[in-house]
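I've put the structures underneath this note.
Common to both upcoming complexes is chain A, partnered first by chain B, then by chain C.
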Partner chain A sequence: MSKFSSICFHFCVPRLRPYVAGIGSKRPPDCFREYFIHKFRAMLGKNRIIFPGEKVLLAVSGGPSSCSMLSQVQEGLSQNAHKKLRFIPGIVYIDEGAAAGRSVDDRKTAMAQMQTLFEATGFPFHLVPLEQVLDLSPSVLVMAPSPSEQPGSAYKAAVDQFIQSKGHWPPRPQDQDQDQDLDQASLPDIQESHTQLLQQLMSSTKTQTAREELLSMLRQHLLVHTARTKGYSKLMLGDCCSRLAVKLLSSIALGRGAQLAQDTGFSDSRYGDIITVRPMRDYSSKEIVFYNHMFKVPSIFIPGLDTMTADKSSIQRLTESFVTKLQADFPSTVSTIYRTSEKLQTAWKGSCAADVCDTCLLCLCALDTTVGDCSYRLFL
Partner chain B sequence: MYAKICLIFLFLSRGGAELLFKGVKEHHVTLPTQSEPWDVKQLLVWIQRNLLKERPELFVQGDSVRPGILVLINDADWELMGELDYQLQDQDNIVFISTLHGG
Partner chain C sequence: MPVLCSSCADKRAVLKRPKTGHSLCKECFFWAFEEEVHQTIVAAQLFKHGETVGIAASGGKDSTVLAHVMKVLNERYNYGLELMLLSVDEGITGYRDDSLETVKRNQQQYELPLKIVSYEELYGWTMDAIVKQVGLKNNCTFCGVFRRQALDRGAIMLKVDKICTGHNADDVAETVLMNVLRGDIARLRRCTAISTTSEGDGVVPRCKPLKYAYEKEIVLYAYFKKLDYFSTECIYSPNAYRGHARTFLKDLESVRPSSIMDVIHSGENLSVREGVKMPVQGTCSRCGYISSQALCKSCVLLEGLNRGLPKLGIGKHHRLHDKILSQQPLTEKEERKLKSVDF
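What follows is the complex of A and B.
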């Protein structure tokens, strides 16, 4: 099954603990590195959703998971990579400092750090303050038409069609120059009035739970909008297995059970023209942290809305605390939740145009408000 | 009993654990001499008493670190080294990395 040696597999229980050869040895284990890189390629290769020459936007928050994703993309595109990845990446960073109550100076420092990090990759990048979400037109709330319906088995045909319509491989120089636009030259301006408006919006929510959901939704809209306006057709998110397990359970608690498949699955096509993919979903947070530490993957910690909050401050935090504590005693917790999430499917795919109207205005998922007779109602 | 002075380098990196230590990521620490060798359990108590500036419940829980905080002893997972019972040696590198959202 695996090309790694059996001795290595015995010591490297990949999901739980990498092994360093000999106590005190500083040599990072090559087997772990190969395994990590292979998993990323396998995830993309298995799902066959990204076409050669396609423009893919990487959403990087500065955290370990998204920075690891960035480094895997760099690794995959490098000259000496075995079976090189063949898409054109761009990076986006959303500055949520206004929502997290950070000072303008702190935000500028963080942006500058991110800029330095991104410049080192050589990919085009976009630094976007969350305030820009307030300027978006309502059209962002409407699902855009998808390019075409492509059944999974016709991947080669889909690639051909894509290349004919807009893609080029290898990329032409003029395709790449388009992205060297102004927002790379300097840090974006943030207007005080916008910041206040955003803060008012955030403080109008009554609970931390609602605040986190709102932030997540605003961030998602801004990411999709950035992808659309800059000409990207795919958006890569850095959600890892552990985070998705927490998201799955907290989504159920929040009443988003019907949308679980899209919220936690590998690909999410609710926006129509932009498909969201989660290539890191097979990695546990522990694996990512070890890899980043051992192979010096740079990441920047930027305090967010939920930093330093107590365990019970919101449903999301409580779920995270629950899952993490359970995982400490039962190491298969996260993987069990994850395996369950893999079995979820979106019910309304491929349905007729009439369903386009039946989507939620905020999250663009199918409405689940028509509830049939259920046992609870019989009690009323 | 033979007593040793331990010099430990603590790195609180990534994930925000350093916020609990006034933003200082790297700590070079000399532990006071005592009759028995230091172990990680005692080190945690020492950290809580001497280095932790605020919100101890975000770092330690009971005897151990809060679940979600990974501990690396000389770049190896502490689970392989005996966790709390590992006896500290001079010049050991201990790294605490938080994988949690909330700090």
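What follows is the complex of A and C.
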């Protein structure tokens, strides 16, 4: 049965596998679906960072990658899954319509669509407008102490400690009900004055590059804040390999070389109590799109700040078009960049004691402003 | 209403500085440019008093400006250096022979001794002959590897203590980007260093005094000072991979001029995880030059050329080193793979 050239019983076309440049694979699997699902589990299993019973917040933007991540989580938690995933998920959607210049009606429609999508999963979800970031207290910019020391090799010990402190597996009914809160009853109310304030903030930046940086920073702060206040200890982002390759190159172009490992690595612990993970980072965007199409994973396209902008409007857009064009001529470009990012590390962990290092106020990464013997800063 | 120079506020501004956007008059621009190179040299302690320094001169704008600025600063700030010009003749007709004429004129203009080493005398091959065998895709590899050794050999013949090259900020930034795209983590760590730190008998340390000078500023400097330089691109280079990195960098510069410095800053601050395999420096068993493998790259490339196997040296060839060292013939399968050349 396995070596037939007929369609396998998952209704995959055999040996249909978008070019993947052998990321960890030794032999093309016969079934694309198994391969896809396996990669997700392997990514979580290899980096043993999510404990059973932990509350994990999934950041879904409506795009193919994050919706694919959502469907993988659903698949992993379902009853008939082989080696079930064992954590408690919640979903968050951040409405950036104000920053992207969309009308109130458009935003309401998008929110309603997302609500329908989330309700179908049965997980608790939160719809948060970006305007809420203006109300956050400065405490979001402070690194909170992490609940336990990094486990290292003692994963089992860390799991035991976690379960003793607060986790429960299987989840008790009362743990799950407390999140069916007012967020879901109706679409959140957005005040006109807040929207205007946010728009003023966005238009006060002089370049498109700076605007995109600002937006991603605001989004990140709001995600971390939501995770903290709703009791989640992990945040899952849906960045895929192609996106991360572009992010890596544009970070280099922006001067963020020292923080590359945290910005593009699998896990990011700069906030202390909330750890950000990127389980989709092994998938190229092609694979995700194929999977979504073949297995009818729903996703919604919502225009963002950089939709329909020219190639040279910002550094991020320029890098994206550069990588995409180069990938067409040299198909191993994205995977090579990904491979390079795996070899980088976070500078601060090794070089100084964790509490003593100065960190940046806005992004909470270690400062890289010490002037060496001969540094470019002398020449600006 | 004419714009005044933003530095001296006295004379009319004649240019806008690409690095900072300031409007400057000629003299202030010269002063700013030269002063920055001086700061680079002093802060990184590139030279010691009384050293002999070889300036790698190709006749192009970077090396001409380098030679000029080094001479000016040497006199102005009393570095106490003895300067010499060192040039490499790759044997490219229509390009190198013309630029070498420029170097000879520079020698007379700056009154510096000059030494020219050629691929022909060092390796027995000119670039023209190499391209005929190798094609137009991988020829830059040959030229670059051979030139590095040629510079060192020339430096030893001239008996200099240090070599300085005209690599500018754009070159270093391009190299960082190229190494990320190529996944070359070992080079990524080393490429932003302002001077090399290898010890050994056959190796002369080299440095890049122009590391923080933008290419556009070098062109402006050479233009306003009316320096004599040769400005055509190498005829064999259009398909080089570096071209992609260069176009990207130029686009980045047009969006945000400080990107070039930002890329260099990122490159300087990259840190590699422990446990990643890094090459260890040793010596080549055949020629004694520094190498991280049993045979240095130029010996492998030369062997390929001499045996008529142009692809030897491009791609993975560690397993063949022993065979080459012991002069054994390669199997037919190996020969077939190494011979195919796509033009």
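Simple rule for what comes next: the second predicted complex is superposed on the first by the 336 of 380 C-alpha atoms of A that agree within 3 Å, B and C clash if a C-alpha of one lies under 4 Å from a C-alpha of the other, contacts with A are read in each partner's own complex, and residues count from 1 in each chain.
By definition in this document, a residue touches a chain if its C-beta (ideal position, glycine included) is under 8 Å from a C-beta of that chain, and two chains touch if they have at least 3 such contacts.
Worth saying up front: this structure is predicted, and the values here are computed from it rather than measured.
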Partner chain in contact with A:285 - chain B first, chain C second, else both or neither: first
Touched partner set for A:142, first chain B, second chain C, both or neither: neither
Contacts of A:309 with chain B and chain C, given as first, second, both or neither: first
Which of chain B and chain C A:242 touches, first, second, both or neither: first
Contacts of A:258 with chain B and chain C, given as first, second, both or neither: second
First, second, both or neither for A:340, with chain B first and chain C second: second
Partner chain in contact with A:201 - chain B first, chain C second, else both or neither: neither
Doubly contacted chain A residues - partners chain C and chain B: 313
Chain C-facing residues of chain A, complex: 207, 209, 248-249, 251-258, 260-261, 312-315, 318-319, 322, 326, 333, 336-337, 339-340, 343-347, 350, 368, 372-380
Complex interface listing, chain C residues touching chain A: 19-20, 36, 39-40, 43-45, 176-177, 180-183, 185, 188, 194, 212, 244, 248, 251-252, 254-256, 258-259, 261-274, 276
Contacting residues of chain B [partner chain A, same complex]: 13-16, 18-19, 55, 57-58, 67-68, 70, 72, 74-77, 79-81, 95, 97, 99-103
Chain A to chain B touching residues, read off their complex: 16-20, 23-24, 26, 28, 63-64, 242-243, 285-286, 289-290, 292-294, 299, 301, 303-304, 306-311, 313, 316-317, 320-321, 324-325, 327-328
